[in-house]
Amino acid sequence: MPDKISFSSDYTKGAHPRILQRLSDTNFEQMPGYGTDDYCKSAADKIKKACGKPDADVFFLVGGTQTNQTIIDMLLKPYEGVVAAQTGHVAAHEAGAIEFSGHKVLTLPSLSKANEDDRAGEAVYDEQVGKIKASDLRALISGFYADDNHEHMVFPGAVYISHPTEYGTLYTKTELTEISEVCREYKLPLFLDGARLGYGLMSKRTDVTLADIANLVDVFYIGGTKVGALFGEAVVFTKGAPTTHPVPIIKQHGALLAKGWLLGLQFDTLFTDDLYFDISRNAIEMADLLRKSLVDKGYRLYIDSPTNQQFIVMEDDRLKELASHVGYGFWEKLDETHTVIRLATDWATTREDIEELMKWL
Amino acid sequence: MPDKISFSSDYTKGAHPRILQRLSDTNFEQMPGYGTDDYCKSAADKIKKACGKPDADVFFLVGGTQTNQTIIDMLLKPYEGVVAAQTGHVAAHEAGAIEFSGHKVLTLPSLSKANEDDRAGEAVYDEQVGKIKASDLRALISGFYADDNHEHMVFPGAVYISHPTEYGTLYTKTELTEISEVCREYKLPLFLDGARLGYGLMSKRTDVTLADIANLVDVFYIGGTKVGALFGEAVVFTKGAPTTHPVPIIKQHGALLAKGWLLGLQFDTLFTDDLYFDISRNAIEMADLLRKSLVDKGYRLYIDSPTNQQFIVMEDDRLKELASHVGYGFWEKLDETHTVIRLATDWATTREDIEELMKWL
Amino acid sequence: MPDKISFSSDYTKGAHPRILQRLSDTNFEQMPGYGTDDYCKSAADKIKKACGKPDADVFFLVGGTQTNQTIIDMLLKPYEGVVAAQTGHVAAHEAGAIEFSGHKVLTLPSLSKANEDDRAGEAVYDEQVGKIKASDLRALISGFYADDNHEHMVFPGAVYISHPTEYGTLYTKTELTEISEVCREYKLPLFLDGARLGYGLMSKRTDVTLADIANLVDVFYIGGTKVGALFGEAVVFTKGAPTTHPVPIIKQHGALLAKGWLLGLQFDTLFTDDLYFDISRNAIEMADLLRKSLVDKGYRLYIDSPTNQQFIVMEDDRLKELASHVGYGFWEKLDETHTVIRLATDWATTREDIEELMKWL
Amino acid sequence: MPDKISFSSDYTKGAHPRILQRLSDTNFEQMPGYGTDDYCKSAADKIKKACGKPDADVFFLVGGTQTNQTIIDMLLKPYEGVVAAQTGHVAAHEAGAIEFSGHKVLTLPSLSKANEDDRAGEAVYDEQVGKIKASDLRALISGFYADDNHEHMVFPGAVYISHPTEYGTLYTKTELTEISEVCREYKLPLFLDGARLGYGLMSKRTDVTLADIANLVDVFYIGGTKVGALFGEAVVFTKGAPTTHPVPIIKQHGALLAKGWLLGLQFDTLFTDDLYFDISRNAIEMADLLRKSLVDKGYRLYIDSPTNQQFIVMEDDRLKELASHVGYGFWEKLDETHTVIRLATDWATTREDIEELMKWL
């Protein structure tokens, strides 16, 4: 039905054709429910192998907020909260799903402005935006324990990071390692939200691999919804699940899909012949082309993002015009006359799409 | 992968081919997220028309427990509980999802044994099993208000029924009307769980239509997961939603699907050319054939179910043998040497499937 | 202000004068907050000694519902519920406080009617009313684990009993031992609500001692509110608390009293020179006198209660008359023309009070 | 038992002797439970009169965190959060009690440092510390509604302020009025935590009266625990309660005291002959004396507090020495060698106490 091209997000299209094909091929196979089927097992095996973690536990859930809520609730004791960037999805954009399950989000600053004198091009924010710092994390935790009144406060019980972040930025391997070390020192599980993980792993400007993540965090998820699946997120507990009864916990959160094999089948496809990585790379290449085109045309970047989400500053007048030709994502008002918009590429974006977009910019 | 036929449940297969076809046809159309797309609108319009309720509000959620939890939480005030049959899904088989969101399930009896002298054939239970009675409901509510201490008790705040019930039974129009009248008298919203609604509506032994339900309840859902969709439940608030902000409530429950159009598209297909009703009718015809075959072979019915779920009593020895040829659903142990099993037909069951099954029975 | 005598409950008066005296004596001593003071320590030591449990952890909370909610939440994992009698306070009369904290109450039957042919006097209920049976408990738990679908159900995670029960009845030592054995076999903590514990321990018809309870249960509380204190319940975790951080959990439930020493001071007084036991004995002696007087006058007992709560069946006409002279507790309507009322004695009831009451009966 | 004087907090002593006397005088009067007694009614009437709000609803709860949690839960819809200063008690020091009941705390900045060039004496913070600003509040709310994605965020649903704040500071009448106007514009209830209200009202440096508060906020409470009562907080819904069933909500939070009259009796005493105001004035006079003495001795104030809590900066070496003679409240580490401590006066502090303290400072 929609009649114009859109870069508003990376969840505007269906699924990679190979996934649709397999859904079709297996449509009348009869499967046991709730993820107990062989496709889930096969997908889990492939993921564990790709991570180099044969002892991991892998679950498949439907969407991002649901996954964040369920995992965080599994990780925390009742009197604990989760530490996250103030801009983290769980802190800002999940309608209070974490608090709904009884836990506070303890926030760390993550909006470091670019230094005026020494910044990449004209980006408003530097590459730290959206990220937490190991030093801030340590300060929060050690400050908590140093406070004589801390038994009256919410205990930090787990740490949440997103990679890529909501701003498209990436942790370096050094940064991830430092955060991981703080977590291990204080015995706090580290949880990495990988709703866009493929786009982080395939960035030209990252030194972080899937195996690195599996080594450095306690639990993460491999996003499918935004990376080629119809829907679905693959949760990997790298050292095994923190509970002997994940099923009732998942069900209690309304997150147990009856036809669980639909999730297994999709991830089995994505982790066959490196499909997940190949389609992620496409999004990166298209984003790099887009960014270059934008900079060439003199657009001011909001941040010099190394992944599939690009953010630019637009004059409000020109934005109105753009809106009639191209879909984009409203990000925030920068000032009285400017707006920040998001342009996201994805696993299916083509060179022609970029050219069409640039025609209107 | 599975190599044997299964009647274990009605969620063992994918989706009706027309749904897969449309997913494929629209795969690269770019849609806005979270159910704001035109397919959701179209599906909602068709459903409202089918119900005769132009002012209804229609939402699409992913699965049954999630839907029950979210709707009940929308209906209740914090100090209220939901009234349900002791055998209701929300009371017995949702891992405490209702309590997880802070509410008690107030139960009514629903396991009336068949009268030994006057019962249909040899069924263990009569056709009331799984259902609540208007008289019991009235007694609970009026008893509550008559109790001087009721401010220290959980207030009945909504009424939950399933149709078909978990036992495959159906309310008559008279029964539904009576329950509805009690609810209206006490101003309690009536919620009908229609996870298998199609199979109830197409039963040969029902006088209840979709329009009847829409007239008699405040909210119900039309099950897709078990009736031809890949997944999805269409919630119909017949007089409009009970909140001006359903989106954050849905999201808070982890129930807001990013690619909401996947749900709209499926229900739009199911409610085009009466597909939902036609495929539901198939399940009923196959169930009727199955029941007749079972009775002819001398099997004792657990209940003379008028819908797609059939329950029979099996000797444990013979059950073990059956298990190697056919999938079935364990229901409960009847006594030391007998087990009740469930055999469910669905939208895709064929006459050949029944014949294959009967070979082993 | 009230101008008539009342037997409506055991929480109609202030505190034993020795408690008021000590509050007065210590009024200007300056204490550290939140139960970290020496009076709490002293009270805990005396209680541990009285229980014969030097390694117990003792906490002081303010009221019954608060205590039940906080303890049960400490004992349960998120996917677990608490098993209780259908008539248990947590199941029926706490406005959903257990569900508010996310847990289901799994109920067992507890309303066994007296056998018409063989019952004590004319009591409507026998001495089992309000109690659970070890056999029912075992059946619930083993049935749960035998059910193939139990991962979709609420796990039994702890067992709640009250002693005396809400009906004034008492477990025998044998019954308590059997229940305790089932709990240990399935590794479920056993929690005994002792809101009226003193009246149970001092009953003439009990073989259960404080040490027995401390040996047989995992956590219980010694009720103060109804037994001589202004307010307060002393929680005893007989083998130590189930969490290393009880303080934030208690505070999260709004149950951490700033001036915690008020609780310690009261229990220190009650457990000095056997005051708790002496005043409890008074209530029992007065209840025995009351019951004898009632039976002599031909009143029908609702149950032949061995503790401080007595229940009788009254004609509605005579009840109206009584109401203008004496306070009583409405219990329930028995039939069209009869009502069950509760008459409770307490630590301060006098022989003159009973005589005054009997004048009107 | 304690053998040294303490200024650590304002909840280190029992109650005003008139309260103990009345508890003693009424000890054997028999009262109905749960706040339905005449003392609660009388106290509520006196409070309504003192506030000039005959139509207010007044409830009595036991402690501060419990009161904050219960009221906020009454005010909010499930998808709403409460706006508070980052230093507000509900945001920082209640062990997550608000999140435990499902709601997010949306924070505003409140730590404005004193301007180096133009500040009162040597205080580290200016008199704004601990307070929110109407302009920040408006920015948060209008920013929320201006955000296209706000349906995915937590809605601001009520505003919480404390007066005095946790730092002893006070809102001016103008500031309160501005905040109240923003709340009314956006139809958000304004809730004022008055745990130390008396000390705010009796400050020499305030223009805010009890009637002003009752006019400007929707609900507030008059703290008893810290102002002369044994325990208890009087909640005033100035325009009536937001629910027709406050009792089950209060009980669900474990906050319904069985012997509710203990609260009524205390507040009835405090609001007889202006006792509450007189004893509050004493704390202020003693705090003013203390502050003057501290400044005279050259101590650096952390903030020039106009109420009963005084904060000073101490060298760590001297602090250790002080600790053996006087109780004080640890507030926070200022730097490597300095600590901020709190010294609180209260309703019972005497001139001799101050002199004794100053001996050691």
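Observations on the model:
Each chain gets a letter, A, B, C and D, in the order it is written, and its residues are counted from 1.
The rule is short, and it goes like this: contacts are C-beta pairs under 8 Å (C-beta built on N, C-alpha and C of every residue); 3 or more make two chains touch, one makes a residue touch a chain.
Only a predicted model underlies this, so the values are computations on that prediction, with no experimental measurement involved.
The greatest centre-to-centre distance from chain B, using averaged C-alpha positions, is reached by D. If you compare A-D with A-C, the chain pair joined by more contacting C-beta pairs is A-D.
Centre-to-centre, using mean CA coordinates, chain A is 51 Å away from chain C. Note: centroid distance chain A to chain B, computed from Cα atoms, is 35 Å. The mean-CA centres of chain A and chain D are about 41 angstrom from one another, to the nearest whole unit. Residues of chain C found to touch two or more other chains are 78-79, 94-96, 100, 102, 151-154, 247-249, 251-252, 256. For chain D in complex with chain C, the touching residues are 1-2, 5-6, 8-9, 11-15, 17, 20, 23-24, 26-33, 37-39, 62-67, 69-70, 94-97, 100-101, 225-226, 230-231, 247-249, 251-259, 262, 327, 348.
By the touch criterion stated above, chain B contacts chain C in their complex at residues 78-79, 81, 92-96, 99-100, 102-105, 146-149, 151-154, 330, 332-333. Across the complex, chain C is touched by residues 73, 77-79, 102, 151-155, 243, 245, 247-249, 251-252, 256 of chain A.
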